[in-house]
């Protein structure tokens, strides 16, 4: 308000806080950056997405597909001879797709978009990357501020559409985890079993579900949009479950992010034969 | 001549707690121009501290409840010194006022049928208190505030009223200053409603904040209005006793309403040992019956912890005095013991249940005393909480003995008699706040305009500025206030004796002289030292009135306990005590006979004995 | 009794500086007690706004060691004693004197929000039929004591001074309490989107962190409002369905 004389704004990083207020944003910055760098490398690596491609005997029996490449649209050219059996298109890479583009890039748009527009991550990266603010009650670098009130960040409002995709992905990844419980016998037929990788992929679905189903948009759409929720018992129940997950949304967000990366690392290690999967029940 | 701003209104409401806001809303609904002046920010008044609930015979939980039971409960609690007309109106109108709050956006806890839930409270025969967890007062004040701001009322926040204006025999407005900037104001008004709350700051251990310096009572007294029942100061039995800095802060009666038990240091539930005759038929025989009452068994009687406040406070006082108190000079209030018992739905009670039922108590103890009330007992002791007495008013119109001057809420006297029941204060605010606003608006409409007397304004301003002129060389006002508080606490406290109170009156006279010489450095901008200087006169006036009335009433009744006259005296049950200002400025206390009760009400009292 | 050092900001809206005070404190004392002690013994004109001293009225908001806190609920033994305790007024509003700020903007702004607009009562006596489960969200919002710590810490007000375009967390909570009220009939979404600037909130959750009533301001008030605004104005599918008349 023009007639209000407000205290002078603090400069960037200026504060009277004495605690280590910078710790959380630095942690977020490092973790998200590391994930982004790793994910990009993996996307453009374009290979080592399926453990069964491994030359190691024990790994070749496994059937783990990394979440980064799931759903697998087609086998990359180098693996066309030994298909994973997960590809949706048996005809191979469609002609319209530029050669430099990894199939993973097309997939990762969705989970990346989900996380980018997620209410938790928004707050976290606005602080860690944009310094807007660097931390609570700490001075900011810029005077200009549009928030999510105008373009471009107005786009954050499409979060729920990414949420719909993320829910679909839960089914796809659940299917992958199911596949991960199947092992290839030397004769080419399948048998049931549990390897460390199976558990890794199962946990991946659990953590991602915890994150996705506790999403603020999900919580709103399953019941929160109503004022008298108790009139619809089932929706009310859903809302309560979602709320329960939502209360720990941050924890779910980090656990699931780290676990997705770990799942990828694990499958990649198996795929390259660097690591031999341990079979618990076989 | 000091500059001041002049405002003209039909009705001026002083105070913006529950009563003030309700009065202002009602007056504005009557179509007159209303100003509301308050000492704090809007919505911060002490109403927010009320926790337990507001008593109204909605009969949502127990259908045997009705206004007649509420009326007789109130009269019994007040030991029949109440203004019976007010008790009647209160019991009859409270349900409508509570439901009106709901229409204005209040969100009360619900019964399973989706109606307003009611809880048990000391002295109420049936579960009667509409509530919101343990923050009912906040709910009330926020509802009234949010409703009131859209009614075209002119609010003046953080303004202290220093004097009432008069025109002939009639009140004509007030003079005050804004605490933030020190600017003086005069509000010319055809009717004034005083809703300034209580006098707790006259005592050392109190649940009241700095605001409660008896301003309204004192302002009214200075323009010649009668004060009544000033000897009846309620000591709430359960205030925090530790840490020292929070001594006196309230622990809601809701804790006991939810089953909390009082224990001495031997672990004995001492309240079972001393049950007054008036309540013999209404108290549980044993622990189990008490618990059944708590969870809503209609055939059970209340546990003795839920007896009237005066009685519980005295029992605690006795335990402490006789060496059975807790380490910090209180007794133990234990709610953790209900864990493992079954609630009304047959579910086992856990820590979470207690936390949900008493959230602010949980946080208050956690944060201020590092105590988890779901695991260990609290330490509590009596604290000055409420004054039943105040400005004498007409039961229907709430007008004082000075024309045009109305009063409502704690500042007014009558409804509660010798002792107030918990939960009756919040309903008091809305019932009589409404009436005061309504009748003040009518008065303003019916009577002609008032004229401003410049001399009155200037002399009030001069008086207020004197401490600043004395500056830092005057005596420190805080010291005078502390000495007064200590005097009242020690000499006119829970247990009273003539010789001590006589000494208190001498002390007050000395303090008056000292108060004339207090000063404060700094200027008029938000200067708490100066504010304290200004408040002193009011504190001294109410303190003197309390002490004089307490000496005069030579019996023990309700909140007044005289060690030298420990028994109730039927003769004294026929009188209220009235304080009035003599022409020479000295204070006069005289007996005023009660108005005989209407026959139908008398019958009710007999019927529900 | 031990001795502590306080560094209290003193001044007005034009200038000011920190003053150091040394005072003796008891066990269990809170910051407000220490300030009062200084006021009573050393600086009678030290301005501080307070009232209930029990965390219920929300008057004594200030910044203690840089964090927005209620002084009456901040125990001294929770603060480091190796350096003076810094106490300064909140920063999102004009300063009046010392620790007192002019928070009247909040009261003016509240007037711009459509008040509670009830439907017809469900019972003839005037009560609504509402289930406890349904009102619990609203009751959480209504716990607010209007201490304005959330307004103070919100960088949109504190650092960007968007007081004209944004109502701040407190008033978003107020709006949410009305919007989620089962018996309310008014629609505040358009004004929330436009003149009340709900979009300015970038969910950094500092309001939730400082709330002395532990209201989950962001998760339970602001985001539900944002989602309702999306329903009404941004969700393309819903907008299309509404245009086609399939939805309300």
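Order as written gives the chain letters A, B and C; numbering starts at 1 within each chain.
As a working rule, a contact is a pair of C-beta atoms (placed from the backbone, for glycine too) under 8 Å apart; a residue touches a chain by one contact, two chains touch by 3 or more.
Quick caveat: nothing in here was measured; it's all calculated off a predicted structure.
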item: Innermost chain by mean C-alpha position; value: C
item: Of all other chains, the one whose Cα centre sits farthest from chain C; value: A
item: Centroid spacing, where centroids are CA-atom means, of chain A and chain C in whole angstrom; value: 34
item: Length of the line joining the C-alpha centres of chain A and chain B, rounded to whole Å; value: 58
item: Euclidean distance of C-alpha centroids - chain B vs chain C, Å; value: 28
item: Touching two or more other chains - residues of chain C; value: 102, 130-131, 181, 184
item: Interface residues, chain C side, partner chain A - complex; value: 13-14, 63, 65-68, 80, 83, 86, 88-89, 91-95, 102, 105, 130-131, 133-134, 153, 155-156, 158-165, 180-182, 184, 197, 199-206, 209-210, 218-219, 223-224, 226-231, 234-235
item: Complex contact set, residues of chain B against chain C; value: 40-44, 46, 48-49, 95-96, 99-100, 102-105, 107, 109-110, 113-117, 132-133, 135, 138-139, 142, 146-147, 149-150, 155, 157, 180-181, 209-211, 242-246, 249-250, 359-360, 363-364, 367-370, 472, 476-478, 520-523, 525-530, 532
item: Residues of chain A that touch chain C when the two form their complex; value: 1-2, 4-7, 9-10, 15-19, 119-120, 122-123, 126-127, 132-133, 136-137, 139-140, 143, 145, 147-150, 153-154, 157-160, 216-217, 220-221, 224-225, 227-230, 236, 246-247, 249
item: Residues of chain C touching chain B in the complex; value: 12, 26-30, 33, 39-40, 44-59, 73, 75, 96-98, 100, 102-104, 107, 110-111, 115-116, 118, 121-123, 125-132, 135, 138-139, 142-146, 174, 177-178, 181, 184, 214
